[in-house]
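Heads up: the structure comes next, in structure tokens.
Chain nomenclature is as follows: A, B, C and D, assigned in order of appearance, with residue numbering initiated at 1 for each chain independently.
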């Protein structure tokens, strides 16, 4: 048995005795299994693999302990993956990521016991999202409003990957910082490109911010470049963190996860109170993605209407133009924040409705019960569609989802026939384009579209 | 009416909406009057005056508001003292101190609602003390264990003041950092001396940490050199902050306040669980103070016994030797902390009994009720003597105390006759030596020693 | 006509009036044409092209002026290549590189008027090499002895390029810094890999040092990552700069240039006075290069003997092992420098003979006159072989060389038949493996091996 | 015999072999005695003593060696004064000052062999002054134009000293940096005050620049606060350094040295080519100095005329006003430099005539030969008066001067009777006011005014 002890870094190096006690007590909790798995994912950083079982299988005897001393807490790793070590020493970046996991999963997890969905207050959730980002030292007061949140598939083709790198490079040349959801593909490319752009401009404060959540981190471990890592408790808070910290959102080609993200932000922006709110959204990809974006745009138009279509701009095959837009948007966002008295570094004034905050648990029952009819407010329809896609992501790559599918068969999604037909088309195109899972495995759908 | 608005700095520049709300609500609270007065004291920084009424009189129409914006909170000053401004701009150090006041009085004040004395848990108080020091960014993990807490009178003679500067200079040459209680005299001298020592050694990380509390800050406003300011909620937590953050304690000549501090630390060190604990204490002053220290030492010997006398070392007229000892003590403390697994930057393992944590309210009743007999445990006797001296400090320079004395006459202190005689002698010598109040005013005792 | 003026940075921002005058006078000199061409090369940074004529052709109307003000000197660019600009602003890294060119070509060029070859003092050359490196701020006193000088071809295959990146990555993980000759291929790969390794280890002081010289910079412009650029006056001083600043030398597969470099360092190390000198050399490449290194090793063995072969180690297909060795070598070098009292950052004690310092001008006459017989001292034979390869590099990619070949046909190299046969074999293998020029163009040899 | 070896710092840590050789050879030179004495003066930093013989007497067996290693040069001190050490370790600031002495006296001394007076080119001297300031890293390109050069007596009364501190404090509050001639009195006060002002404003880049010269440094060793030290080769170059680096000149009360400085700058400013040149001069002191400044002003008016009087402003007893002016002058100077294209950090465009650059050697012959008549150009008269005062400074406190006076009696100064009468009055007032030597010793005049 190999074991190594790690000294705390960052916020975890300054804990009170009761905070250390809380941490230690948590080692018996359910959170602890989560913690162990997130640690393992972080230790596998850089390994390209979205099959969490395949990734975890070799490390059954991996374990992690908290070692308590008066002066603080250490992390002890038992049988950790060798890939995280150089000449017997843990890579510094991974070391930092492990303590980010400790901080967000156990330390902040112990701090927040959120009430049930029905009594959930919007305000409380937003405050928590802020508190977690602040605690992770990602709110840089005084810095430029230069964070581009980049979304897009973890499984994309080589030419699309190169395109995300090129966009990142052009943004880096313009001193834009990058935030993604961690993991490979469109979440790694923009960061990688930006490092070169930043280096050329001698920009020393390059930020490569990764925002993950426990159920996805195993499928999408933080890549090597991420120098700020935050693990939000669930997908809804992760999405809120993205949109509150973003100054522009750039969406690359992707699969169901990307569709979920797009529907999430559109649903929010369609809220009455957000009319006039400035948060630019850009959809972009290489030449051959033109049809992909047309299909997506058509789907949005048919379901959420032209007012939703006006919320984004599609730019095909022009990385320089994307970066230029992002740069120009910074000024617009800056002016808007100043005029509304909002913070430059956390978008407090964006109204996010409870339906976008309550965690959606993708069970067969919940999936079947989704209200997928055209006759509802656009914002609500967006919310329900978002949940449908969220469920499919879970069925594809998340541990719980996969288990359920294995036991009970595919999720059934039903709604009115026009909508279902459109959804079916979109999903099939994702399958055809290999956007569901990393290539190499054949994709077996985890859902079934049922028409009423 | 002159008014100026200040942008938040430090921790106060990153508040959540609900934190801002809490702050704003506090503007109706009792805390708010405290906040206003502390701000006024800080704005008078550098003015040598321990008569809070004389200091505050010219500023009756001074006020302070909190201005709320989505992005945070600003401090608005109405009719502030001109002394704090240079060409119409607030001095940066004062600006920082004002937000330290906001942070500690209102923000942290709202966070902690400590239970009543009888249910007070030692652990909870210590955690709070730690949390406040941490939140003020004074826990520097990774730094050397080099903090010398310096105690001593705010009203001392010129030669004593020069001596404190010389000791500070010698400590600065040895890269020791200084923590005092803010204010003039022995609290300013060591800092001032250390800046020169640090400059000579090109030591860039010089720390001049001031720990105050609301009822004393008006009488002892932070001097110009303090670059880290913390305002603890009451005198007991301030004392605990001192001893937990100290690596050595240096005690210069002083009056009742200094006697209170000495009794506090001796009472704690006499606790069984602290036997063997390494926290060096040095009493020092210039040649002519030899008698003063002999008197003090005799008083300690007679009341707390030789085991108390062994806890400190008296060094007369040898600044270099003091500094050398402080430097050597660092190593001892370092070794002790390592061997006990304690933090290098917060003395968790020092046992502090509840009687040293419960706030002592110096009313005539409480003062009269103090148990001042020789037949009790040394540690308890120290605690009770500490309270007696604490009450006299209040009667001398604190607003509440002065008001009570004015209304009801001097405090009566009673106990067994030997003890009372010794106390009376000590107090009289403080009066004769002008250690009670800054020179210029005649001292009118606020206490009367009564023998049973 | 487009024109842009650049403010001076670095050492060039602090010039005396007479230094500015000297610079201005130099605008009529021969150096100035060199300066203009180097600027153009730097402005084309990142363009992969080793045909200087093709690169320069579109920019015939490019020019560069020095604008004199009392406060210093500006560079004015007329019709610069758009590739160096982002939204109309020059890329910061290129800006810095331009002033490095000004510093090294004109400013230092004016300072040194070296005597003719026959009176050249070894000491003076070495002092100049030191002075130029120091003036470029590349001598970091107090830093670790962690510079790996990487040599290898500018034209290498994809798998070899990936290998150089992987070695760079493994060195970066071990906090090794990289120095190469600028340009693409084996000079870019190790830097690129190291940036990722450095980022993972949160190593902030990553150095990517490029050492070039005027006649090669057009063919091998500094890549984007180079954050310290020095342009030595000629190939011999460039080579000396490499070996004096190196703590280890890593040699990747390459063509004649790489062979020149290997013979240079071996020739020096074979000098009597360098016996016992510690300067580790590692030859490494991917699996399929095994034969390549065997051929090279055999050539060395046959010409310079086993004592030369003992000076290097060949590691095939094991990037981790290479990096580990480099790390271990640091300690050896450190110990050696300490024991000899030598500087940790400039290898003063390495003896470099005049024949390795006198510039070799590759004319047809000089090439034909090279003494290429086996019966001479090993160190001298190495020197002469080095010159032969140097000439071929010139004929391949340097402006002057190409012009001569065009006018007078290929260089003739002659010597004793055994040696000539071996050389011919080696050169042919370089041609076959496309190591002479970047792929895409057919290679037409610039030399002819003649047997006596 | 006690000995200690010091590692090089700053520029001296990066020397070439030939530079080290030059240094070593200089150990036999005349410069070396100078070097030894300057080292001794620096080691006595903080000791208030202007009698160099008294200062040096106890250290007859003090010596300093240069220890040569391949990697550089060390300073070895034999029997150094204990005052410079803390617990056996040299104070860091003194360590830095010693290497500044090495740099300026030996290293730069070896670089410059200036031609004789008659062939001296203005340009060459100015370039040398610049080169020395640059080499000492005192030219901060990009910083604000915020250097106030402060002149004034080394021997001033307590109230005048306090006044210089207060002016320094008010300047420090306005983020002005201070340059003086090192030493006590008016050269220490402004620095000391500024440190407090800088600390209050949290100004981290406080500069306390001391410019000395070998013959004065023993009488006025750099005080503890000086964090940049430059030792110019003679008084004329020191004066030129002052005026080229100044953005404002503040003149406090002083004796002959101060009069020399005032005449120097007025003589320069009166040059035709400097008409319109912006370099503000402020004369200031406490209330009781009003008469002193009136006398000085009258002397200037009577000798150099009203156009000289218009070059300065006298501010009595108003430190805040002085600091405000200095701040406002920064803007004027900034605008002027921009409009003339001059450097913000070195006043190239100020014309300094040869007569102000040629070293004046104060022998009895030279003093007697001074042309002190009213019928000459104002600028020349200023130059000659400057020399007369310079000679008296030498006779008062410099080793060579004192020796001459001891041997040949007082200098005779002669000229036309009106002028001589005025001079005599001024000098007598300096004597009466104890401005010639530090109090404690009786002043014996080193000069005799002779009327024709």
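Simple rule for what comes next: a residue touches a chain if its C-beta (ideal position, glycine included) is under 8 Å from a C-beta of that chain, and two chains touch if they have at least 3 such contacts.
Keep in mind it's a predicted model, so treat the numbers as computed, not measured.
Participant: If you take the chains that touch chain B and keep only those that also touch chain D, what is left?
Facilitator: Correct list: empty, since no chain touches both.
Participant: Where each step is a move between two chains that touch, what is the least number of such steps from chain B to chain C?
Facilitator: Steps on the shortest route: 2.
Participant: Measuring centre to centre, with centres taken as mean CA positions, what chain is farthest from chain A?
Facilitator: D
Participant: Averaging over Cα atoms per chain, report the distance between chain A and chain C in Å.
Facilitator: 45
Participant: For chain A and chain B, what's the span in angstrom between their mean Cα positions?
Facilitator: 48
Participant: Can you work out the whole-Å distance between the CA centroids of chain A and chain D?
Facilitator: 64
Participant: Spell out all pairs of chains that touch, sorted by label.
Facilitator: A-B, A-C, B-D, C-D
Participant: Write out the stretch or stretches of chain A touching chain C in their complex.
Facilitator: 86-87, 91-94, 96, 173-174, 195-196, 199-203, 224-225, 227, 324, 327
Participant: In the complex, go through chain D and note every residue touching chain C.
Facilitator: The contact residues of chain D facing chain C are 13-14, 16-19, 69-72, 123-124, 126-127, 130-131, 134, 139, 141-142, 337, 340-344, 348-349.
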